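Got a structure here, written out as structure tokens. Questions coming.
Which chain is which? They are A, B, C and D, in the order written, and residues in each are numbered from 1.
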Amino acid sequence: MLEVLASNPPGVFHWLVLSSLLFSIGVYGMLSRRNAIGVLMGVELALNSGALNFVLFNRLLAPATVDGEVMSIFIVTVAAAEAVVGMAIFVLLFKQMKTVDMTQASQMRH
Amino acid sequence: MGLVSWLIAVPFLTALLVVFTPAGKVERIRWISALGTGLHLVLTAVVTFQYGRLALADAESMKSARLMTLHLVERVPWFESMGIQYFVGLDGISLAMVILTSIIIFAGVMASWKVTERRKEFFALLLVLVTGVFGVFLSFDLFLFFMFYELAVLPMYLLIGIWGTGPKEYSAMKLTLMLLIGSAFILVGFLALYHASGLHTFDLARLAQVSYPTDFQRWVFPMLFIGFGVIGALYPFHTWSPDGHSSAPTAVSMLHAGVLMKLGGYGALRIAVYLLPEGAKIWGLFFMAVTTINILYGSFVAIMQKDLKYFTAYSSVSHCGFVLFGVAALNFAGMKGAVIQMFSHGIMTGLFFGLIGMVYGRTHTRIIPEMGGLARVMPWLASTFYIAGLASLGLPGLSGFVAESHVFLGGFFGNPWHSAGVMKALTVLATFSIVVTAVYVLRGLAKVFMGTIENPHFQDLSDATLSEKISTGLLVATLVFVGIMPWYLVDLIEPSILPLVNRLHALGPVLGQQ
Amino acid sequence: MQNADLSFILRNSWLVPALPLFSFAVVALFARRFSEKAAGVVATASVFGSAVAAGLVARDYFRIFPPGTDGQALVPWSIEWLRYQDRLSITVGVLVDPISVLLMVVVTTVSFLVHLYSTGYMRGERGYGRYFAFLNLFTFSMLGLVVASNILQMYMCWELVGLSSFLLIGFYYSRPAAVAASKKAFIVTRFADLGFFIGIILLGYHGFNLLDGQHPFDFITLSSPASLEKLAGATSGFLGVGLLPLAAVLVFMGAAGKSAMFPLHIWLPDAMEGPTPVSALIHAATMVVAGVYLVARMFGVFAAAGDALLLVAYVGAFTCFFAAVIACTQDDVKRVLAFSTLSQIGYMMFALGVSSAAHPMGYTASMFHLFTHAFFKALLFLGAGAVIHATHTSEIWKMGGLRRKMPLTHATFLVATLSIAGIWPFSGFFSKDEILLSALASGHHGVFAIGLLTAGLTAFYMFRLYFLVFSGFPRDEQAGHAHEAPLVMLIPLVALAILSVLAGWVPFSDFVRFGGGGGFHEEGHALVAALGTVAALLGIGFSWFLYAGKGTRAEALAARFGALHLVVKHKFYIDEIYLFITHKIIFRCIAAPVAWFDRNVVDGGVNLSGWCARVSSRGLTFLQTGQAQAYGAWLVGGSIIVLLVAWAARL
Amino acid sequence: MIWSKATGTLLFYLFAVVSVALAIATVSSRRILRAAVYLMGVLAVTAGFYLLLGAPFLAGVQILVYVGGIVVLIVYVVMLTRSSDLAEDKPSAARKSTALLAALASFVLAVTVFKSSESAFRGAGSQAATMLIDDTAMIGRALLDRGPRGYVLPFELVSLLLLAVVIGGITLARKIQVDQSAAPKESSDGGVANA
């Protein structure tokens, strides 16, 4: 069983399947959650899978360079920034509407 | 900065000056605009003499030229990469139009002496609009031409929307949208020319040296002609003009009907026919038929109008029909007639709308049946109104006749590419308009000025004030001057029409490189 | 005939039309500044100067071409006014030839006398300066028309004449009837001028193509036999009709409009709304004969056109008879004279119509009648003016017995009436006799018969007018205390009376003839003269029988005819037909639908597009639910589809 | 080699299963706080992946920023908005189904695209991520390298972004005096302690 494991290591395809699975779950989270913060979690998941992809390609396609990793660092910072802003908005939302339920916040209809 | 650039800069600087004077100083704003436009009149005179001297020098070579020769040319590269440059110059047709516009804007400013609300923005916008118009008439780079064209059309929305009367928002919206749709057609045409020429330039002079394939011209010419036709009140696209003019304030409708509608005719002649002679030959007869409808349709509808401004707007639709009719005739007399008609109708309609504004200022009504017998209280306005009316029905001795006789002769004498019979028939149909015009002009003016005054309020109306007398006096003088001594205007225009005709006949050597 | 050795006056013969133009400008611009009287004096002086100049031009012209010989056309002065193309231009110039000299003299003389008369007649009227300015404008444009060397110059002056008649008819602009009449006059003549203009362009077009090297619009070219042959052959391309006949008919349409021939005569009776001197000058002596002059000027084209002349003859004859019949039933003195003018012009027209290149006797007769008619018709109108001025009414049934009250006016009026009736010593007899003779000699017996019958009718209605106005006793207290006209009005009356007599004795045929043809026929002279006089005397007797004294017998006769009388009185309801055509058909059935079409269909189309944009946008609002996650779902769905398409395309 | 190829593969599959399970738990758990914890788990496992892929510095950054910073912030705000104590009601069937559909569609599409472009990276990654290269220095140098391949511009821009976000966060969430009076009465009582 060890040889089987050693003989076929996870190729690019496997990694990509994994990251796209994580991405899809993130999308599911974004669209189904009623709680605003839940949506944000979904966004974090999706961003995370994106960063993973970058590192994955960096390591498997161009091991010598570090561009992939640098990009994923940027993604992480942007995710952080986005989370901060999101949370600030949710706090305001909460103060205004006493709830963070996304379905209630539809005043921007027209 | 050469003379021609000053022609464009003076109104713009005046506008800036007006913008920077505090709104409170009503008197100063009026005087600045008056002086600015007055200075422009002087500048135009100087340019005319200058041009006169230059043009005489090469009048002979024009006989066989196939490319227009420009004078007082100024070229400054603008967007090198796209082949766009600030290329302004002057030739007979542009100079005639510049003179017309300069006179009309001066008269317009004089006629709007008593505009009350927000005077500063009004004069500033008016001067920006006229800068755009001057720009169009003087620029020979298609991109620059289009830029000034938009500059001329857009302030119109504000001017009608804010200072207008009646359904002003609706008319402003309609006018601007239709004109912009027209300019969209024009833009498509320009870009097509830009690519098809392969010269990677917008320079009209160099684009003219390329001969475009016939089927290319088959679809680009109508695109350009209809694009320009929208603003030149071509038949199906004229509906913006009655509403637009009747809602616009006096000076704006003077400027618009007097000058802006000439952009259409000018553009059709300068760009559509000049660059695409084959296309002109293919579509010439079709547009001649449409413009014949234009002429008769406009005059018949004018008979039934009750509002003075609608009455004049439809009359100017009919007269603009003459312009495009002349252009579509594609021969020397026809095209020359088109340019003269542009000039003479510009002055005429400017005078008409100016006077309507003045009468409205006194009687506060534009409905013809409500007025009567005004000649007794305002003899000056009545007589100038009648002179304008007589000029519009083409009475000899006034400029209307010179233009219309040219156009009719041009139409009747036909050209080698269209069937002579159809052109003669169309011209005869068009000549019927002089009778219909006489009917509606005299009926309208008689109802307004003749007879006795029924409405007691009209008993003590005042006659024209000094500024109004100057404005109407200047316009009447121009009408009579061109009517009695037309050779000045005709000699100014003729040398510039020759290249267009030669190009159509594709004969004569190509004049030296520009 | 080099220009240099022409006399001074001939070389600057442009003075004749120019003087009234300058004085028009002066009076029009400064009418308000200086006193009323000055305007009258300036205007009258300028026309007097122009009359003297015209006389000198005539004298010098006939010194070059003595009366007996055949007068050539001279163009002593001309400038190129407007150039359409290299050989196509309007040249403004002076053409001097027998008929233009004749017209110049007639127009300036009558105009001067009318100006003089007007200073008296119009004193105290509002707009005195304006009146004289317009009268001068008219004199200028009429003279411009007469001396025109280029057909387009004639067309331009033609329009200006129309304009000045419009301005003068509508002089009393506060009266709606006058305004309507002026409008009607201008529009009807404008409609006729349309035909004229198309005729001109047609001639110009074919002339330009066929007569290479010559200016197609100049009269010299149009009347030179060589070019006429070239043109004769051409067809005008319009339904195969020959060029010259079509051009001639179109030009005649213009002439018919201005000279108020049958279909287009409706404006002349209404034109009497203008002041009487205006009617005298414009609607009797000068403007209305412009049409006759045009046909005479273009006689070369007409003669070459063959059947066009027939049309002229028949229209002329019919108008002659038709107008005379109506004149017998009119009650307004100026209307009677208006219809009599119509009838007399009918005479001139059919005189031209019956003549031809072979024997142009009618041409001379027509010009002769034009010459004489100008004087006695002007006199009639001025006399009527004096009467109206005195009795303040123009209804002949309210006048009567003015013979004793206004002796001099009565005398001059009688002279003119005898002259128009064609009684021997007076000028009318000679010219009408010539016309009848030319009709008989050229074999147009039908036309001759109508001419003779109308001569009788003319005598009848003129003397009916004379008896009702002057004989008997005043039927209205207004007429009762009428008084003689002031001196300044009487001088022109007397002058015209003298001219009406002398004009007949002028050996006209030596002065005016077309091409080498002989002047008047000799044989058959006495017969026609006798027949004419008998017809005239019959007319006079019959009208004496009816109208002299109490005039009651007239009502009885009128009653017996009843319906016919009514129809004729209302001018055969032709005015009503025209009104019906213009208002009901043109306005109601063409202009209104077109206006409706423009407002609803063309405008509607634009508004429709606006409406569609609004409706479709409202339709899409259901997409904007406000739920952020709904947008998220659309976003993901959209991106997936885009990816699919991109990926499939790559595949 | 830190660990043999076999353990690498084993670890990969182990981590994969754990992270997917935790992710599903994050998006589906009814109590938001628990979801936050699961999210922390997923992020931690991803740090593990980074280690597997031989990017130790990134794993550190991941743990530090994502887990340490963002999840803590989320938990903080959950507390602030008192949404932790109220059980979140189940998302309606329609929402779940559309979300599921969208997620599945994107997954299937991604996989098919990867499947079909398999050939593109045929030879890549054959030696798998078994050795751990310490490339932190290289990352540092790349970040500040002004040359064409350098990331100094994005680096500065990101720092700017963070500054803007910080300011934004403060202004958004600060106690608003101005429209306090306008806002309805009860919102100003005791006021929630804001960030």
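Keep this in mind: a residue touches a chain if its C-beta (ideal position, glycine included) is under 8 Å from a C-beta of that chain, and two chains touch if they have at least 3 such contacts.
Remember, it's a predicted structure, so these values are computed and weren't measured experimentally.
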| item | value |
| --- | --- |
| Chain occupying the middle, per Cα centroid | B |
| Distance between the centres, which are taken as Cα means, of chain D and chain A, whole angstrom | 5 |
| Computed distance of Cα centres, chain D from chain B, in Å | 66 |
| Centroid distance [mean C-alpha coordinates] between chain C and chain A, Å | 96 |
| Separation of mean Cα positions, chain C and chain B [Å, integer] | 37 |
| Junction residues of chain B, two or more chains touched | none |
| Residues of chain C engaged with two or more neighbouring chains | 629, 633, 636 |
| Chain A, residues touching no fewer than two other chains | 27, 30-31 |
| Touching chain combinations (by label order) | A-C, A-D, B-C, C-D |
| Contacting residues of chain D [partner chain C, same complex] | 95, 98-99, 102, 105-106, 109, 112-113, 116 |
| Complex contact set, residues of chain C against chain A | 621, 624-629, 632-633, 636 |
| Chain C-facing residues of chain B, complex | 174, 178, 236, 238-240, 242-243, 297, 300-301, 303-305, 314, 332-333, 336, 373, 375-376, 390, 393, 395-397, 401-402, 405-406, 408-410, 412-413, 420-421, 424, 427-428, 431-432, 434-435, 438-439, 442-443, 446, 449-452, 486-487, 490 |
| Partner chain D, residues of chain C touching it in the complex | 629, 633, 636-637, 640, 643-644, 647, 651 |
| Complex contacts: residues of chain D adjacent to chain A | 4-6, 8-10, 12-13, 16, 19-20, 23-24, 26-27, 32, 35-36, 39, 42-43, 46, 49-50, 53-55, 57-58, 61-62, 65-66, 69-70, 73-74, 76-78, 80-83, 88-89, 91, 95-96, 98-100, 102-104, 106-107, 110-111, 114-115, 118, 121, 124-125, 128-130, 133, 135, 138-139, 142-143, 149, 151, 154, 158, 161-162, 165-166, 168-169, 172-173, 187, 192, 194-195 |
